[in-house]
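These are the structures, in structure tokens.
In the two complexes below, subunit A is the common chain; its partner is subunit B in one and subunit C in the other.
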Partner chain A sequence: MPVFKTPFNGYSVKFSPFYENRLAVATAQNFGILGNGRVHVLDLASGPVPAPMSELASFDTADGVYDIAWSESHDNLFIAAIADGSLKLYDLYLPPPANPARSLAEHTREVHSVDWNPTRRDSFLSSSWDDTIKLWTLDRPASVRTFKEHVYCVYSAAWNPRHSDVFASASGDCTVRVWDVREPGSTMIIPAHDHEILSCDWNKYDDCLLVTGSVDKTVRVWDVRNFRVPLAVLSGHGYAVRKVKFSPHRRNMIMSCSYDMKVCIWDFMVEDALIGRYDHHTEFAVGIDMSVLVEGLLASTGIPQSDANWFAHAEYIQLFAEE
Partner chain B sequence: MATQSAPPNPPAENPTGYQESKQAGVDEGQTMAEGPKEASPKSVFVNSQPIREDQVQNAVSFLSHPRVRGSPVVHRRNFLERKGLTKEEIDEAFRRVPDPSPAVASGQSSTYQDAQGMPSTNIQTQPQAIQPVTAAPSGVMSTMTRKFHWSHAVLAVGFLAISGAGTAIVFKLLQNAVVPRFKSWIRRVVLDEDDVLEKRTAGKPNLAEEAAAAAKAAAAAAADVAKASQEMVITKNEEKKCFSEFMALLDVQLQEIRTMRNAIAKLEVCVVDCGTLVTSTRMGNHTLLEEALSEKSIWMAQYHVHCDKWTESQSLILDQIMEMVQRGERPPNVRDIDDRPPNPNQPISNPSLAPRAKPWQVLQSASSASYVPQPQVTSNGSSYTAQDYGVSYQLNNDSSIPWRQQRNARITEIENGDRSMFGSGSNGTVSIDLPTQRRWVPPQPPPVSMPEAAVAIRQPKSSIPKDFNVRAEDAAKPITEVDELQKITKISELGGQLDVNGRTGSSEIITSEIQEQVTEL
Partner chain C sequence: MVLLCAAVGPPPKPWERAGASSSGPAPFKPPSSGSTSDVVEASGTAKPGEIVTTSPRNAIVNTNAVGRPLPTRPWENNYGSSSYGGYNSSPYNSGLGSGMYNSFGNTYGGTYGGLYGNSMYNRGGYGGVLNGSGMYGGALHNSSFGGPMGGYGMGMGGPYGPQDPNNPPPSPPGFWISFLRVMEGVVSFFGRISFLVDQNTQAIHLFMSALLQLFDRGGVLYGELARFVLRILGRRKSRKILPPGPNGLPLPGPDMQQPDHRFLEGPKVAPTGSWDNVWGNDATR
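Showing the complex of A and B:
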């Protein structure tokens, strides 16, 4: 399976919604604690044999990059969430020295995640450790709205795949909130876990289902119509669950990654929910993504457990097709 | 590109809006019978369950607790949220509990601290708050404001003490100065008997009178001093009492602080939300972020002890980095990078591809298909490459099928005319019952050198046996060598031609015919 080694620690990987072979990786130096960052735009070889991924472009940043989101309206744009609290817009059609095209600096703490609206395609959300979520559009230099209700870091915000004004946010204050951008505040508060919630995602085929992953090592599925009791509690990870994602192709399939170095595939409607597990990571898988364009194409990135060289860590982005 | 200010629901007067109508179309198919539901304009993403009175009662009793009243409002809200109360229930509980505004409490606490120099200022050096701790003392201090007048008492006592000391000094002066003077004066008078008798006789009664007067004055002064000292003793007693009471109150407060601290320590163990007690650096948050369990040091332990896959070197590196950060140093591999946009006003390049529909969007009913805005198709299709659409158009070169498709071929559907919908090529698509409506029109595929081959591949195989049978009938005729040769040459000539004998041939059919011919012979 294709592997790309990055000099820094991988934090997030995202497939391009326009090009099947393209993906972007967010990396940060020194485990993301203190140091520079870099975004790699990679191309999967499409030849008959699996070849290493090639790098189309890379962009250096002063601080670590925690997340990236491809634009749904422009095939050449992506947003990077930077640890210094800014969001940077990169344009692949501009020559590299002309990038970044924009820098949006409003958050007062690290921006942990960024998500582009897949239905309206013109707006995106940024979640930050300053307890707020901000809504942006490309044509405005300032944020359109700020959602401030969480009392601790917001680790992730995800747009509903069908309702273009609804999104969910997961926070370290142990709640998940459902918001509607037309409303002044959150419309729903789900105390999903007893510990910090690191990730959330919507079901692409049932717009009322949410999945959350938490420090308590479980992945839980919720129905917003009856949010007091989880639909499913998926246990199996040995450490905190870092990221969860619903499959864009299968209704009940969830992908999760954890600090136990495993990437797990679940089907929450089945008695024995764990339907797949990828153990061949040699890293703490921190970011995962499933390609919307190619079913079965998965990517993951993380922090390696080998390579002793202090100044030249090698990280692995592994791409593997689902069996 | 649509902006946030102009959402796609042009009828602003329509409360249901663009999204709601879609959602009504989508959700009505789903089970909406559960729970009390309001009319369809209400979004399903809003909590529509009624307020639970028992939960509100619990919240009210929680909020009425004196210790809770001193904590910040956001912490109280968060606690109730984590208990599962809805926003409406929390608001109702807050409404029912008269809440002394936190501003007043903190104001009083600050003035109190200014007057007293409370030891709680030590606690308050951690700004992000030991907020419960500081707020609790501020709450406690509000009760202590009643004791404010103790400072007055102290001042009064001090004044009295000073006055007492003053009278004592006066008395001493009297003793030291007036009385010796009187004595010496008497001595002088006694020793001066030789003086003029008249003076003596005249002075004696004067002396006696003056002595008497002085004695009276001294006695009066002594009485006053005695009174004052008595009063001083009384006030001292009172002061002692006040001080002892004051000390008792201090002890009580100290105990309360201790219990608060214990409670917080307990909370610390249970809740990972320790950021309130840790200086809010990224390292602190990163540590919390990376915790697998609630204890703080598990991250390090995870790398060192529990996770045997983590090598010694990596954990050493992590230790080194964290130490450097704690010391405020910068690791040596960090460079100064200027990542500011060189031209923030530069226009963003135009896209060259239209947005693609998502797999789950396609499965929606056609009526809701208008989610996808009109694709912005760009000018010419010549910029498209076959690469962009993956393997859609690789029919003319089988060997270039990517390894992904080769591997996945067995699990995907091949017979599907809509395979090009998502550009996912011969992988097939999500399901067979796709709507035929296409919102995204793919550009012209690259020209195929053998169009009849492309067509024939798409055709079901059942047509071939038919042709085959027809050909077999022809083969039944007597064949001479010449004929065979002619046929073979004819077949070779077929290579680039269409419609031989009114049939659309194909390389496969020709091949099979040749084979048939060979076997016949």
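Showing the complex of A and C:
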């Protein structure tokens, strides 16, 4: 399992949708509370066995970086969510002094997540601690729309992979809301957990299924057509679930990471839902991603090991999930 | 300029290759065509560049969609204004040189407490982690700062945290309480100082004794090696000519402890080879 140590705490990791061996890691100093941030773009040496990672580029920021999203339209662009409330657009083809290519400052609080529209490919969403979600397009200097209905920090927003106008947002007000960019307000309010919801994601093969991860330590799967009861409640994490993700390759597979330092793989349709657990992190696991291009290639990033040096690490697992 | 290359989409996603597979009619309107900004503008909901400022709200707001009080914002949650008011009058702000720790503490406690802290598990969990992972750099500091940091994790205002509605904020501390807290601060300050001095003294002591021991063992090692090398040399030379030596000496090496006659024989003739006569059993004699 190759490990790349970043000098700051890893916060998010994303595979490039264009290159199977490229990924970006967002990092921030001091748990992301104060201090600088840095974005690393890493290349995984190709080969049958994952080889060590080499750094293609890194960009420093004055504030912590909480999330990143690769552009779905250009292989050289990615957007970073910064703790000062701005979104910065980076272009790998530009020389380092010319980056960031654009800085979009509209949020008044930390931006906690960013997601690029995978179907229409020209827009992205940012969710922030100022309770709003903003919709941006590359051709506009300002946001196209602001969605303000949540009454507490919005921790994540995710596009539906099959409906280019629909997305879901997870908030600390214990609700998940489903939105349509053409509607003035949210189209669904799902009171999904009794505690703050930190992450949500759509199923890639069934456009009505949502997964949420919450501070109440559970992962829940919801059908938006009938959201009175969850389809599945997956418990097994010992602390708050930080991020959940549906597999791009398997309909029923969910990956989650938690502050209990575990990364778990679930199959929500079977009785023993927990099909894999990785405890290679020695501290909080906060960022995960599954490669869209290579089945079974997973990445996770976490906050430092408990030795005196505050190293984060992005780690790779070659996963062979049984059928 | 950002868009340096023509827009080419990424490889198709696995679920796109799989085709449409929904478990039933989706409750969404069919997607519109066109770019996102056009679609949003056509729907009449576009509000370009809207800036939303969050109004600072009370910790107990009951008029929200959730129907129960919300926690304070991470950035609002500091101990100076919360029910844990005692901390500001505590040693850490009393100008005794430890303000840094206070600000760290506030930041950590505030952010984690606010973000993830409206459940009891997390209060404990984070406090423990901060404490255990050596925020201040190792065992040396942890033993002295573990107390206050641990306090963040568990102690504040009951298991549900300071903002819990079932746990009303305590009344402000009286004079004697404040005075005792200040005194506690003074005492713990000097306690920390003396602890650090003691640790440093111990470290220097250990360093010096380790150095001395190194020299000592180094000398022993040198002596041993030298003896070994000389023994090898001697044995090789003597193999050619022995047994035995002229004085009845067996091999020169193993019996160094015997009284050595070689040096009692008076000055030697100048040796022919540089090392041949070193041990006195010269073949030419």
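We take it that the second predicted complex is superposed on the first by the 304 of 323 C-alpha atoms of A that agree within 3 Å, B and C clash if a C-alpha of one lies under 4 Å from a C-alpha of the other, contacts with A are read in each partner's own complex, and residues count from 1 in each chain.
Definition applied: contacts are C-beta pairs under 8 Å (C-beta built on N, C-alpha and C of every residue); 3 or more make two chains touch, one makes a residue touch a chain.
In this text, all values refer to a predicted model and were calculated from it rather than measured experimentally.
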item: Superposition on subunit A - do subunit B and subunit C clash or fit; value: clash
item: Of subunit B and subunit C, the chain that contacts the larger number of subunit A residues; value: B
item: Which superposed partner A:A83 touches (first subunit B, second subunit C, both, neither); value: first
item: Touched partner set for A:P97, first subunit B, second subunit C, both or neither; value: first
item: First, second, both or neither for A:G35, with subunit B first and subunit C second; value: first
item: Which superposed partner A:V294 touches (first subunit B, second subunit C, both, neither); value: first
item: Touched partner set for A:L234, first subunit B, second subunit C, both or neither; value: neither
item: Touched partner set for A:D60, first subunit B, second subunit C, both or neither; value: first
item: First, second, both or neither for A:L138, with subunit B first and subunit C second; value: both
item: Which of subunit B and subunit C A:P191 touches, first, second, both or neither; value: both
item: Partner chain(s) touched by A:E106 [first = subunit B, second = subunit C, both, neither]; value: second
item: Superposition clash, subunit B versus subunit C, among 346-354, 382-390 or 436-444; value: 346-354
item: Residues of subunit A at both interfaces, subunit B in one complex, subunit C in the other; value: 17-18, 31, 33-34, 72-77, 89, 91, 93-94, 101-102, 118-123, 129, 135, 137-140, 144-145, 151-153, 160-166, 172-175, 180-182, 187-189, 191, 195-196, 198, 204-208, 215, 217, 224-225, 239-240, 248-249, 259, 292-293, 295, 304, 306-308
item: List of subunit A residues in touch with subunit B within their complex; value: 17-21, 29-36, 46-50, 59-62, 72-77, 82-83, 88-89, 91, 93-94, 97-103, 110, 118-123, 129, 135, 137-141, 144-145, 151-153, 155, 160-166, 172-175, 178, 180-182, 185-189, 191, 194-196, 198, 204-208, 215, 217, 224-228, 238-240, 248-249, 259-261, 282, 292-297, 304-308, 310-311, 321
item: Complex contact set, residues of subunit C against subunit A; value: 1-5, 7-11, 13-15, 18, 20-24, 26-29, 31-32, 35-37, 39-43, 45-54, 61, 64-66, 70-71, 73-75, 107-108, 111-112, 115-116, 118-119, 121-122, 125, 129, 132-134, 137-138
item: Sites on subunit B touched by subunit A in the complex; value: 1-5, 7-8, 17, 19, 22-23, 26, 30, 32, 34-35, 43-47, 74-75, 77-78, 81-84, 86-87, 271-273, 275, 282-283, 285-286, 288-294, 302, 307, 309-311, 313-314, 317-318, 320-322, 324-325, 330-344, 346, 348-353, 355-356, 358-361, 363-364, 371-373, 376, 387-388, 390-391, 399-404, 406-408, 411-412, 422-424, 427, 430
item: Of subunit A, residues touching subunit C in the complex; value: 17-18, 31, 33-34, 72-77, 89, 91, 93-94, 101-102, 106, 108-109, 117-123, 129-132, 135, 137-140, 142-146, 148, 151-153, 160-166, 172-175, 180-184, 187-189, 191, 195-196, 198, 204-209, 215-217, 224-225, 239-240, 248-249, 259, 283-284, 292-293, 295, 304, 306-308
